[in-house]
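A quick write-up on the structure given underneath.
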Amino acid sequence: MKTVPLCLLTIVAEAILKERLIADVRSAGAKGYTVTEAEGEGIRQRRVGEILGSNIRLETIVSPEVADRLLKLISVEYFERYAVIAYLSTVSVIRGEKYV
Amino acid sequence: MFRVLSFAKYPTGVCMLDVLRINLCSPLTLSFALGVFARLVRSELSLPRDLYTALSIYLLFALGLKGGVELSHSSLAAISGPALVTILLGCLTPVSAYLVLRKMGRFSIADSAGIAAHYGSVSAVTFIAAQQFTASVGAPAEGFMPTLLTLLEIPGIQIALAIGAFQMSAAAKANPDGTGQVARPVREIMHELLTSRSMMLLVGGLIIGTAVGESGWKPVQPVFEGLFKGLLTIFLLEMGLAAGNRLGDLKQAGLFLLGFGILMPIVHGTVGAYLGSLAGLSVGGCTVLAAMAASASYIAAPPAVRMTLPEANPTFYLTAALAITFPFNLIAGIPIYYEISKRFCS
Amino acid sequence: MFRVLSFAKYPTGVCMLDVLRINLCSPLTLSFALGVFARLVRSELSLPRDLYTALSIYLLFALGLKGGVELSHSSLAAISGPALVTILLGCLTPVSAYLVLRKMGRFSIADSAGIAAHYGSVSAVTFIAAQQFTASVGAPAEGFMPTLLTLLEIPGIQIALAIGAFQMSAAAKANPDGTGQVARPVREIMHELLTSRSMMLLVGGLIIGTAVGESGWKPVQPVFEGLFKGLLTIFLLEMGLAAGNRLGDLKQAGLFLLGFGILMPIVHGTVGAYLGSLAGLSVGGCTVLAAMAASASYIAAPPAVRMTLPEANPTFYLTAALAITFPFNLIAGIPIYYEISKRFCS
Amino acid sequence: MFRVLSFAKYPTGVCMLDVLRINLCSPLTLSFALGVFARLVRSELSLPRDLYTALSIYLLFALGLKGGVELSHSSLAAISGPALVTILLGCLTPVSAYLVLRKMGRFSIADSAGIAAHYGSVSAVTFIAAQQFTASVGAPAEGFMPTLLTLLEIPGIQIALAIGAFQMSAAAKANPDGTGQVARPVREIMHELLTSRSMMLLVGGLIIGTAVGESGWKPVQPVFEGLFKGLLTIFLLEMGLAAGNRLGDLKQAGLFLLGFGILMPIVHGTVGAYLGSLAGLSVGGCTVLAAMAASASYIAAPPAVRMTLPEANPTFYLTAALAITFPFNLIAGIPIYYEISKRFCS
Amino acid sequence: MKTVPLCLLTIVAEAILKERLIADVRSAGAKGYTVTEAEGEGIRQRRVGEILGSNIRLETIVSPEVADRLLKLISVEYFERYAVIAYLSTVSVIRGEKYV
Amino acid sequence: MKTVPLCLLTIVAEAILKERLIADVRSAGAKGYTVTEAEGEGIRQRRVGEILGSNIRLETIVSPEVADRLLKLISVEYFERYAVIAYLSTVSVIRGEKYV
């Protein structure tokens, strides 16, 4: 199968940021995203349960440019003040031209 | 095996120790204690998150509906006085909390404002517990109290967040190497608070309850009234688990916050009871209003503060609201406000 | 504050406007409205998905059980007539809906068949609302109505899907450059529909209810009857949220679909009431049968259509069923079918 | 349509076939059957996982609370005899089960110990079903039975796991090329069992129930007693689904396990009824104690065994406990233990 | 640790396809799969909540041949008609020989 | 954006192992982890529903050394006896120096 190499950006963040992150992802030019519920622990407190909620794990397949734009935005807007982690990998997407 | 009355009709002339014992031996308090205990012994016990959400939706909606049905019997005249003092309380308590924390506790601007937002708002479960308590000692509160609850929920959060934003931007101007982050627009925050889950359910329930009246209430009463105390008992188990999670943070929170979490409610409760008596509320009404003023929000306030003042340390505000003030009010605070209210009303 | 009766016993000689007002001021309708409103103001309010699932499991099972207990009092003779006309309705309504959509609305084959599958099946909540309504105006429907509900659920979906598959393969033969995808085998679709959650719970409940009778029903009655209206109220809140989500799609759906979503139910409802009266149903029974015929499924039909006719646009069928026909029936349709039934039965 | 009484007060002088029919035609048994049936026809029906968890939390907590309220009426003297024989049962049954499985069934050490842990512990739902049954035939069990339930839950698991660990390390010494994995420390396992969800809720509920007594129980009774049978019916639907999932494994489990899953309970039940009668329990009490002894745990035991004896094949213990012994007890076992108890007590 | 490089195929699709996709994955020769619940947005509508359900995110570790077979099947059977996205990456699996 | 290449270790395991795996991950030196609920099927039985529970999917971003240590530990402690699968990939993490 013909596939297109694209960037898979994964963001794990505290759940209250969900709608803001989705808005950011869309305005940065991503064509879609997938969100799953998660819990976790990092340098900030452990995140489980309802009060102050858990985490979300957002994945979006984007072009390298959009990925870079999003990473910058996240590192300026959220990194210092919120519990968030973001990382990139390369994946081969079928009909990948739809996502750039 | 000694047994005590709890939440049963109780003659009003009862001494304070009895009242405390009534309060301690209720399924509500004991379920909370069981939750805390389960955390202390590191039990795997935990309620599914969706059950927590479902129960809080139920409690808020039931509160609103029942309040609405009662409201349909009340006149505007009877409510306006109490409503006024409630709004006054919503403006006073965040300011007093902020000043105490900032000046006496030497907390940062963000932390002071963050904690103040919690103490300026109100805990629905404390409200309910106070209502149950006053009913059980034979001094039920006025039917329109849930309306006051909705009036008290938002202003306090808003005022505290505004103080925080204002002070922080003043501080940033004085020291202009900050990260230069734009604050979130006030409209957005207001929208979130006004359309929050608890506002929708409380106010929506109030309106529906008022519209359908007694006859429309009847068929849904088995769910929204019959199950109320039992489901609240289960909810308090979860609250106990959440508070138990926070107990470990008590040390980090420090002695000042421990004192604050107990004394500030007593001050706010006294002011609440006093203002309530001025507005002509009954002893029960004054007690419930006092408990509202004394309580700290842990449903509406935490996400609002986390969103808008992320610099504030959640350990401080969650521990204070959930692991100090909530159990204090549940166990000792409410009976105290009742005693105080009796003085003011006689 | 004016208050109205709702879902309380009501003298039958009441005028239509009163009936409408009764219907509008019930907790059910108002909860639905609250859900829609919450979406319109973009509130964060949402019920956990598992709560939605749990409530729909509860409602269907309770419906079946209660129906079964009532069925244990009914004779086969009394049911056979109504059962026959119900099956007839299940065959007529998908065809009429398909023809109107395809010929007058100029929708594609897939879209016409997809929407027709929804209108050929039945909405359990509309059924329940109709039952509550007829009881509240003093004309309760026959005890075996839930049996008719199960008879009406499946055939309509099947027939519409069959029309869709047949017409599309005919069209594909005429124009043979399609993707050449194999249709899903009919056995698979039938299996899915016959073993679907709602079938299992409704039919299973019916059988269990019939088997255990009154004495077995008693101990479980507090849950399956006592809580019914209250939990239905919460469910309608969620339905309102879902319908509110669809309101934005109304424009996309277009004026024709808006008219279809209101007029088609009136036509189907009239036919339903007429056939019901022929089969000897009471005014209440005719009203409920009419509401069933008029209603559009949004539980069984959507996944079946999505699986089998993925070319059909979900925006069309979901918006029509959920955001147009369901609220129309809830607010105005049911009282209208009641008025019509009264004419046919006298 | 023939109808039978079920779970209604029933004269004690009823013949065994009647008793069986009563048991079969209860909503509990039939819901279980519906669940099994749904799996057999590969229906999509499934309860959300959180609903299962919520229901089991509710059932255990309600059981504890109700038991505690009843306990507040009991004297220590009345309980000590039954408590003693219960602990004795907790020590006997895992050993007998282990020996039968290992010596006669030629199961591996791990499998024998794993299955024995399940039969040494107790199934809360079987306990409840037995209680409902004895009440329905007019021979209600003693009020302190839930206390016995908590006494029986843990020792059996512990003893079986200890046998397993001991025998396996003996076998490992004889044949020293094993993977050399360190066993989990006993303290950790004990901690897990003692602080498990079911222990917390049962014991916590017992203590709370005892403390609040009748007057504190009243306001929460609609939830913790009124809803009990109805919610149990829904829970049994889920149990039926889970058992149905296991039916396919019956072949793999083999004939020996099938016989074991039916005969071992009868033996344990007989011993339980006998010891109960020695300890002075009523016919109802003996029946319930017998059912406890006969039952196999599928809530506490499976995770404990999986954690500590991962070499044991879950197919064996889950199929035996859930798909053989549980339905056997529900349908035929409990009436049998009742008949046996009547003999021992007269 | 010795690891084996294998293909990780991720499929995000509307939830009603779950059982069909699992059957496809198994019949294509995969030795296992992992499914999580997800929600998301793509070129089709936003998928949350119950009615018409949300998404599933299915991962399966397979040999390159199986991956290719699955990608083909998905692109023929589902791509046009259903909401679905699929992508590949390479991962190092311990005891990876069990999964081919 | 500057990113640091790090190891992303994913472990899918039966749910009862959750707390033990989290303890292992932390004691091996990971700075954080993210857990999502999952179900699945492998060479052992299908894992769904409550009794004996479903799976968890644990992800942790770590240095290659920590990853290796964890893989060894998992393969000794869990592989034979429990349902578990583990695999590694390389991801580019922003502010990645925080996670080593």
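In order of appearance the chains are A, B, C, D, E and F, and numbering begins at 1 in each one.
Basically, a residue touches a chain if its C-beta (ideal position, glycine included) is under 8 Å from a C-beta of that chain, and two chains touch if they have at least 3 such contacts.
In this text the structure is predicted, and so the values were computed from the model without any measurement.
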{"item": "Where subunit A and subunit D overlap in contact partners, by chain label", "value": "B, F"}
{"item": "Each chain counted as touching subunit D and subunit F at once", "value": "none"}
{"item": "Interface numbering overlap (same over half, different under half) for subunit C and subunit D", "value": "different"}
{"item": "Chain pair, C-E or A-F, that carries the greater number of C-beta contacts", "value": "A-F"}
{"item": "Subunit D and subunit E, separation of their C-alpha mean positions in angstrom", "value": "40"}
{"item": "Subunit E residues counted as touching two or more neighbouring chains", "value": "36-37, 89"}
{"item": "Numbers and ranges of subunit B residues touching at least 2 other chains", "value": "46, 48-50, 53, 222, 226-227"}
{"item": "Chain contact topology (line, ring, star, complete or other)", "value": "other"}
{"item": "Pairs of chains satisfying the touch condition", "value": "A-B, A-E, A-F, B-C, B-D, C-D, C-E, D-F, E-F"}
{"item": "Complex interface listing, subunit C residues touching subunit D", "value": "48-50, 53-54, 57-58, 61, 65, 71-72, 191-192, 195-197, 199-201, 204, 207-208, 210-224, 226-227"}
{"item": "Contact set on subunit F toward subunit E in their complex", "value": "10, 12, 36-43, 55, 57, 68, 71-72, 74-75, 79, 85-89"}
{"item": "Sites on subunit D touched by subunit C in the complex", "value": "1, 3-8, 25-27, 30-31, 34, 37-38, 41-45, 47-51, 222, 226-227, 229-231, 233-234, 237"}
{"item": "Residues of subunit C that touch subunit E when the two form their complex", "value": "46, 49, 52-53, 179, 181, 242, 245, 298-299, 302-303, 306-307, 310-311, 314-315, 318, 322"}
{"item": "Complex contacts: residues of subunit A adjacent to subunit B", "value": "14, 16, 45, 49-54, 77, 80-82"}
